[in-house]
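As structure tokens, the structure follows; a few thoughts come after it.
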Amino acid sequence: MRVTIFNEYLHELENDVVHDIYPEGIHATLAEAVTRLTGAEVRSATLRQQEHGLSQEVIDATDVLLWWGHKAHEEVADEVVDRVQRAVLGGMGLVVLHSAHYSKPFKRLMGTNASLKWREADEKERLWNLQPAHPILAGIPDYFELPREEMYGERFDVPDPDELLMLSWFQGGEVFRSLATWRRGHGTVVYFRPGHETYPTYHDPNVQRIVANAAAYAAARIRRPDTGSPETSPIEQVPNPGKENVLSATTAKREE
Amino acid sequence: MRVTIFNEYLHELENDVVHDIYPEGIHATLAEAVTRLTGAEVRSATLRQQEHGLSQEVIDATDVLLWWGHKAHEEVADEVVDRVQRAVLGGMGLVVLHSAHYSKPFKRLMGTNASLKWREADEKERLWNLQPAHPILAGIPDYFELPREEMYGERFDVPDPDELLMLSWFQGGEVFRSLATWRRGHGTVVYFRPGHETYPTYHDPNVQRIVANAAAYAAARIRRPDTGSPETSPIEQVPNPGKENVLSATTAKREE
Amino acid sequence: MRVTIFNEYLHELENDVVHDIYPEGIHATLAEAVTRLTGAEVRSATLRQQEHGLSQEVIDATDVLLWWGHKAHEEVADEVVDRVQRAVLGGMGLVVLHSAHYSKPFKRLMGTNASLKWREADEKERLWNLQPAHPILAGIPDYFELPREEMYGERFDVPDPDELLMLSWFQGGEVFRSLATWRRGHGTVVYFRPGHETYPTYHDPNVQRIVANAAAYAAARIRRPDTGSPETSPIEQVPNPGKENVLSATTAKREE
Amino acid sequence: MRVTIFNEYLHELENDVVHDIYPEGIHATLAEAVTRLTGAEVRSATLRQQEHGLSQEVIDATDVLLWWGHKAHEEVADEVVDRVQRAVLGGMGLVVLHSAHYSKPFKRLMGTNASLKWREADEKERLWNLQPAHPILAGIPDYFELPREEMYGERFDVPDPDELLMLSWFQGGEVFRSLATWRRGHGTVVYFRPGHETYPTYHDPNVQRIVANAAAYAAARIRRPDTGSPETSPIEQVPNPGKENVLSATTAKREE
């Protein structure tokens, strides 16, 4: 499995609290965990690199892409977003983390606002396991707690997930669909809620396990573009197999 | 119920076969049927009108929008596509007809290629009713036939529908998910396959009934933008309710 | 709309606390609310009546059946459960309330254990609205609270709902999928969580509104048995239309 | 992976046509294919064996159970059906083949009639691949044909599948949802349509591949009974943690 971790990598450089938690960047912490837990070959990509480190070559060599971003979603080039969307529809996996609910690739693949309620108040989050038999939840108990996290509250404006795997309880009174999957084209998209930059969430063993399992679950099994809509020959007999269609007819007429 | 029917309205003006079937345009035939069957207030919009007839004012006064387009999807202004997407997410219904599987609003809301196989060969289509109790299929028999239609074949590259209502059998050997719904934001999207411009499909009573039922089913029950992600006050006690977040902190620092 | 409300009607007769809240029985409180809010024709049925008040005649004249039960699920006759299941598959609606998650008809229609965690501790429940545009949630705010309720916690062992409409937050730390729908056959099943007998939950205006909306949403649109698997004649030409099948062949052989 | 194949094993002994195609029984043909393609440890069970070969010991040692039955569904003991249902809800996989749509375990887990239309006329079936990236469809082309099969036609009375993977086109004019999955409890149920006893369907390489893939996909990842609904202690503070509930109160009163 070949994993690429995209991280915006700005807060870690600009803010002391975040830097102390993730001195090498969130991507480094995630890379260590995913490598350790899955044996995958992991590389990183960050916003300030050329093409955000996500050249066509890199994407073509990626089975699953992890995405963390927060304050600079708008700086991601549309060309790269097109590339990521095409790759997912062609089979690449995409694991969307925390504030990347607002990233361009996720919004593009969902077709919705991906909006939610939020609050940063050092409160407790408890994540409940709805499907202990699901591969993404292998090794995860019936619930686990994060002592301090940012709150995300419903209504989360996404299409109904194909699989709803965890629900969060927040100390301040809200709930959230925290782990969910959607198939888009030949690819699998996973969203996993926790991961606010000012808390050590990605050092938590349960969080690491879920991120690693999600990467393995979403990793491409095939890669097929399938972007076109081919005209196709009949398999059984049809009345008028060589019929000229309107577009050709019209074009022909115009070209006369 | 206030219905707006968008029709590209080019084939009818350019091609004699199409003109003979829909002398006033596909929109006129659909408008007559929807008015007769639902009592709705129906208006039309066409590509060559200003803003394609879909000004913000029109959209705001539309409970459900029907969309037929084929050869000029690319001519639809992105600003109008944004407007339609926002309206659907805010609650407006959208009924997508036949070749509008490739329209910009549908692709935007699905997040996928919306690609398929096709063939025009005057072949028979038989549509099978999977959910006779569903409101969109009220009055529709267990199956009905269209003697000549364009073939659309799987794989139809769309997200798994929330409701799959009809399957098509084609004489030439293919099958297709022909009637399906998806919730997106507060709105409902319906896709209905038949309706190739060179056949009198929209004069068929079963097709008319389904289009009318789909309009009634998808029509907005509420209109709410919900585009933003508000910071929200805790309902229960939290440890640090007035905490400054990283974005504010960083900005403050920068501004010093 | 013709609504039948089945209530076990034991706690109200045996326990003073429950009797004080529902002096005429939970069914009477629900009947008043559903009549007032929908204009439906409402009748009641209780466990100790003959056939539990659910004769074939009553079921045939019921568009939607509400079901409340708790301590005597096992006393419901299997013949009546068969009748209710057949009716739902044929189109009748079923609204399952609170502890009726363990009722025989619900378990039969789900195929699962319908198990969950529970606790009675006078704690607060807050119900979050995931789909404000859904007909069952018409008139319901983004959340509402019940100051004291029994807790039901995940994992709720049911098939993934076709529509997930509300999530509950509990003071004691759990979450629950509190309002959900499933289509079974031609019928619609709705489950709505609150309603413990020692609290005045069914006097709450939001709860009453949801129960009434759910009844209207699930009410039968058609009634069709469809229990059999008919041998069917080909519509198109097939190689061997009059072929004798193995079962007939074997039977014929045996009878010689 | 430990696979158990249940086969009714009557047609092969009673009917010459079937015997010629499957001289050792359908289970033997399937066992050879599944062993060859997955390396699984495969055992068989047949109707006339004690407990149909499905003792609790066998079920406990089964990761996934394949089920073929046709003419003697009613002879399967309810005790064994209970056992199979419990095992699936606890995590065991179940792959339901062809006429086993009417088997007791499948009907029990679906909660519906599982009815359909049928015809035996030596007609062609073409199966279309909707999700080439799904593990069950690994190695399967965009479509494949079975030159002669029994026809099964919609409406197939099952709950909407969690995953719809193949659609069948039939020569005689019908369509069918031919490959689908449902999660029930901790287990996965797969239904795969082809396999009529008078045709050599289970000798087809694509059919064998799908059956083997389905077994691997559905095989248990965990085994957990979870049949009970435990009273549970609060995690956070609640107003009245030691409260006596109505059932206990009533019982106590009665016992005085």
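Order as written gives the chain letters A, B, C and D; numbering starts at 1 within each chain.
As a convention for this text, a contact is a pair of C-beta atoms (placed from the backbone, for glycine too) under 8 Å apart; a residue touches a chain by one contact, two chains touch by 3 or more.
All values derive from a computational prediction rather than experimental measurement.
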Greatest separation from chain A - chain, by CA centre: C
Pair exhibiting more inter-chain C-beta contacts, A-C or B-C: A-C
Same-site or different-site touching of chain B by its copy chain D, using the half cut: same
Whole-Å separation of chain centres (CA-atom averages), chain A against chain B: 26
Cα-centroid distance, chain A relative to chain C, in whole angstrom: 36
Rounded Å distance, chain B centre to chain C centre (Cα mean): 32
For chain C, residues that touch 2 or more chains besides their own: 126, 131-132, 153, 155, 160, 162-163, 173-174, 183, 235
Residue numbers on chain C that touch chain A, as the complex places them: 126, 128-132, 142, 153-155, 160, 163-164, 167-170, 173-175, 177
Chain D partner contacts - residues on chain A that touch it in the complex: 91, 126, 131-135, 138, 162-163, 171, 183, 186-188, 220-222, 224, 235
Contacting residues of chain D [partner chain C, same complex]: 11, 14-15, 17-18, 70-71, 85, 89, 102, 108-113, 115-123, 148, 151, 153, 155, 157, 159-160, 162, 171-174, 182-185, 197-198, 226-241, 243, 245-247, 249-250, 253
